[in-house]
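What follows is a group of structures, each given as structure tokens.
The two complexes that follow have chain A in common; it is paired with chain B in the first and with chain C in the second.
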Partner chain A sequence: MKLYKLASINLAALLLIMPALILLICFFVAPMILLGRVSLYEGGGNSGFGIGTGFYTPGTWTLNAYFTLFTDQYFWEILTFTVMLGIGITVVTLLLAYPLSLFIQKRTPRWKAIALAAVILPKLANPLVIIYGIQLLLSNSGPINQLLLALRLISEPLTLFHNLFGVVVGGTYLIFPYTVLVLVTALDRIDATLVPAARGLGATAWAAFWRVTFPLSLPGLSLATLLSLIFALGAFESPYLLGSPQEITLAVDIQKQTFENLNWPRGAAEAIMMLITLGVCIALYSISIRSTKRLQRVV
Partner chain B sequence: MKEALRLEAIQHCYGNNAIAVNQVFLSIEAGQFFCLLGPSGCGKTTLLRLIGGYLKPNSGQIFIAEQNVTRKPPNQRDVGMVFQNYALFPHLSARENVAFGLEVQKVPRAQRQQQVEAILDRVGISLAERDRLPKHLSGGQQQRIALARALVIKPKLLLLDEPFANLDRQLRERLRAELKQLQRQTGVTTILVTHDQEEALALADQVGLMLDGRFLQIDTPTNLYQHPATPLVAQFLGETNLFQVQAVEANTLCLHNGINLQRNMLSAVAPGSWLMVRPENCVVGTAALQCPNCWEGRVIDSTFLGTDRVLEVVIGTGTTLRVRGRPESMPNVQINDTLPVGIPSQNLWIIPEQDPSWVAELPNAVLKVETLL
Partner chain C sequence: MKPKRFNLESGLVFAIGQNILGFGLLLVLLLPLIYVIWISFTPGELLQPPTGQWSLRWYQLFFTSPQWIQGLINSFWVAGMTVIGSLLTGGGVALAVTRYHFRGVQLLSGAVLLPLFVPAVVLAMALLPFVHILGLWGTRVSVAAGHSLWSMPVVFLVIRAALEDLDPDLEHAARGLGAAPITIFRRITLPVIAPALVVGAIMAFIISLNEFVMALFLSTPAIETLPKVIWPNLRYTLTPIVAAASSVMMVLTLLGVALIIWFLRGLREAKLS
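== the complex of A and B ==
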């Protein structure tokens, strides 16, 4: 009887996860395996931009793509830049999102809903549209330069994109709403009487924040950091459209190798390397978080 | 006596214009244990938050130890507060929770440690429990730590917001006794908010009974119970029999349904006044025959409560009288039995003054009394 019950529960559970499982296998696991396989082909050589033969040489097994990658100075530069940019965008995002989340979280339910809607609204637009919007904003004849010129703070337009600044602005803008959502939810979970309690015990507003709100928001903050980091390490739209040849990330280069150079094994190998980088970064971050004593107590 | 707290014409409205506290005046002497008693939504918690500085009054003044603190934030008021949910810091151990107030007030470490350990000894937190996080401690222990945390800063005023609400009955009674003792030893002026009248009567030197943002009466527990100022107060506290005097004839007070009372002990009673008698002050059986006011009554309901039995007895042409007594004093009482019921005249309380607005709300027959909440 008991065994039957157990089996039926497992069957129900299996049915529940089945759609998601099928989706994951068909559209995530299978392409991943395929990607791994492609990275192990011999390149297609210079056979006419991939038309006809091209892309890769079928039926071959080789680690050539990886060997070229590892010995390529250019690849390492891109990899380093990708990681540095990812960390940079994450830091900027958090510095902007945390104070805003504190502000939003303290509003009345109605204003909170309005503020959160305002934060999420841009996510309804296509990222490309957003990036083009930012291009307009940051362009030489855009409102920001116009304003600075009108105020006579500058004598000629500043270059605000096709450089690192533009890439960070775009990247931050795309990640920001997720971070705010995570942080507001986390701050909401802190008992609202704790700050008044701290104040009643003689703490100034700052001391109450620093000793109560901040340590209790650390789990949310670490989740927000992780989320930002994952998005930022995969940055594509922003460096592609707001950057210059100096701001090439792995994601951009994969696109270039695959669709411009038509070197599929190299593109695939870079994609695998990117996955590994992402994994290593997340692992390093998780380990460092887990060893934080303060955080351990909160969780 | 020194005045620990004075409220002058405190008024507070919430955003939706609902008046939570309406022109409240209050004065509490230093060292007193004061209970704010009232049903939920009467404004008692709002008043406590106003005193603690967690809310700002729309108008009026608050004085703590003769100092005007109306516009001061909570950290400049010298007030310790125990929240209903205790509001212990979940990331700090019991010891760190208690030390928090001293730390932010920059008390030197050695002094701090000594004070923290002393207060933890006092509230009965064992050494092993002091390093635990709040979530690893029982409700009772959490409550003790919250109390210690509020007391260790040596506040001029200790505020307690329903501190026993989340505890089971037995523990509640034990902690209540401990709190009373602690308050007496430390002599800290204490204001406790509760909806539990038993708690208020058991703990307080003075009880302020609140309704709709105002005080109905501020008095000692005995006075509040035995000598309520209005019929509404009589209704709120415990169970009661209330009768309105219809007419006064020579030595007789005429009530509804042909009930007449001998005047003898009662002085100046005007028609329209109210007479109150507590159910436990009525007598039944042969003892009742000695009372000057005695009627033949018919039992319509009988409830056994362990220590007591409560009878509902109809007297006259339909007035119900509630009688409470030891079960052994009324053996074999069956529904529809008739038995003598008496009210000793010294047990009658005349509610002298009448605010017409209260009277309008009271029905003419006996008031069924519901305990608060």
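== the complex of A and C ==
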């Protein structure tokens, strides 16, 4: 009887998780494995456009896609650029998001809800709409250039996108909401009586922040940094639409190799390289966090 | 006395400055969205925000252009299927992990969240040859399945939170009174988590409606969703019709957000009473 009951419970649970298992195995695990397999195919036709032939040659096993990548100066350039841009966007995002999160966290519940809604809304919106808005705001005839011209600060419109500046602005906009949400949650967890206590004991506002709030917010800050880095390394829309051919990231090149050169094995190999880069960055980051903590304990 | 007053004043200046900077930054965050909506009402051909005369001509063009309307219809189809897919998958796992104890609960919860942390382009690149081989390339189902990978975790978190809030004594009492599991689910569990189901469904809809990278990789011209129709316009030409299309998407998104807030408020009031 008991055995029967155990089995029936498991059956019900199995039925409930079945749709998710099917989705995860069929549309997540299997494609990821296939991605590795596709990167080991011979490319399609040699015409460069693959017209008339497939996107890859079925049944072949070769490391050609990787050999071409590793010997290609261009690939190393975009890989370096992707990592540097990811770090740059993360730093800019944190520098802006941390003070803003402190500010939001101190508001009354009503204003806090409004402020958080303002932060989340751009995340719910289509990223293309935000990029489009940035394009319009930064364009030569856009309001920022018009304002600077009217104030006679500049004599000719500045080029504000189709360059690195535009890419960083766009990238920051797109990952900002995650960072603020994580930071506000972390700051909320800090005991609200600690800062008044420190002030009561004679600490200045700055000392209270630096010696109490900041150290206690470090776990949240490190999670926010990691998440920002993961999303910034995958930057796609912003370099594509706000950058120039100088600002190509790995994500952009995957799309170009796949749809413009119709070279799926190369696109797949670059996607694998992107996962490896992401893994290395996360590993390096967690090692550095751990060793800093050990260092703190020693000191 | 004098230095203290000085301190008070500087404190006030500091507080005002802080407010200006804080709310200023929030405004800057929303500025691209506001500016796009403003420009969509321009009467001219140029991308200048209308000041005197406002016009609906770009909306008229949007709603009479077959390509844009087809994009909107495709978006609705894909989003609808994503809602069903993510409720079945995310909701099912949420019920399973809160109601049953089995080995691998932690593993399963982690696995459900994992797709969120894989870069969109990598996931889309992985799905492209897969749906190509299956002969699903250029079908709305394939795009919806891709979107479900991202909306499933969100639906899972929302419904799990609602189920964890549900008093287990209610279900125990019903079982003690002899109710069958299916009756318990229908009469107790379902009504309590219904608002969470609606919130999850709307979230899934919004995610799918606004998603772009998966649509770029997996949709062909016949089934392209609204963001995919916008895409070439951002690369080559900048016309105000994109602003109108963007505003339509924003209105749909805001409508969803308003509904979510409304349902969440209902949820909180139900909890209080």
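Going forward, the second predicted complex is superposed on the first by the 267 of 299 C-alpha atoms of A that agree within 3 Å, B and C clash if a C-alpha of one lies under 4 Å from a C-alpha of the other, contacts with A are read in each partner's own complex, and residues count from 1 in each chain.
Note that contacts are C-beta pairs under 8 Å (C-beta built on N, C-alpha and C of every residue); 3 or more make two chains touch, one makes a residue touch a chain.
All figures in this text were calculated on a predicted structure; none of them were measured in a lab.
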Overlay on chain A: chain C relative to chain B, clash or fit: fit
Greater residue coverage of chain A in the superposed arrangement, chain B or chain C: C
First, second, both or neither for A:66, with chain B first and chain C second: neither
Chain B versus chain C as contact partner of A:201, first or second or both or neither: first
Contacts of A:214 with chain B and chain C, given as first, second, both or neither: neither
Partner chain(s) touched by A:193 [first = chain B, second = chain C, both, neither]: first
Partner chain(s) touched by A:285 [first = chain B, second = chain C, both, neither]: neither
Minimum C-alpha spacing, chains overlaid - chain B and chain C, in Å: 7
Contact footprint of chain C on chain A as seen in their complex: 9-10, 12-13, 15-20, 23-24, 26-28, 30-32, 34-35, 38, 55-56, 96, 99-100, 103-104, 115, 117-119, 121-122, 124-137, 139, 141, 143, 173, 176, 230, 233-234, 236-237, 240-241, 251, 254-255, 258, 264, 267-268, 271, 274-275, 278
Residue ranges of chain A touching chain B (in the complex, touch as defined): 191, 193-194, 196-205, 207, 211-212, 215-216, 294, 297-298
Sites on chain C touched by chain A in the complex: 18, 21-22, 25-26, 29-36, 39, 46-49, 85, 88-90, 92-93, 95-96, 99-100, 102, 108, 111-112, 114-115, 117-123, 125-130, 132-133, 145-146, 148-149, 152, 156, 181, 206, 209-210, 212-213, 216-217, 227, 230-231, 234-235, 238, 242-243, 246, 249-250, 253, 256-257
Contacting residues of chain B [partner chain A, same complex]: 52-54, 73-75, 77, 79-81, 83, 85, 87, 89-91, 100-101, 104-105, 133, 149-150, 153
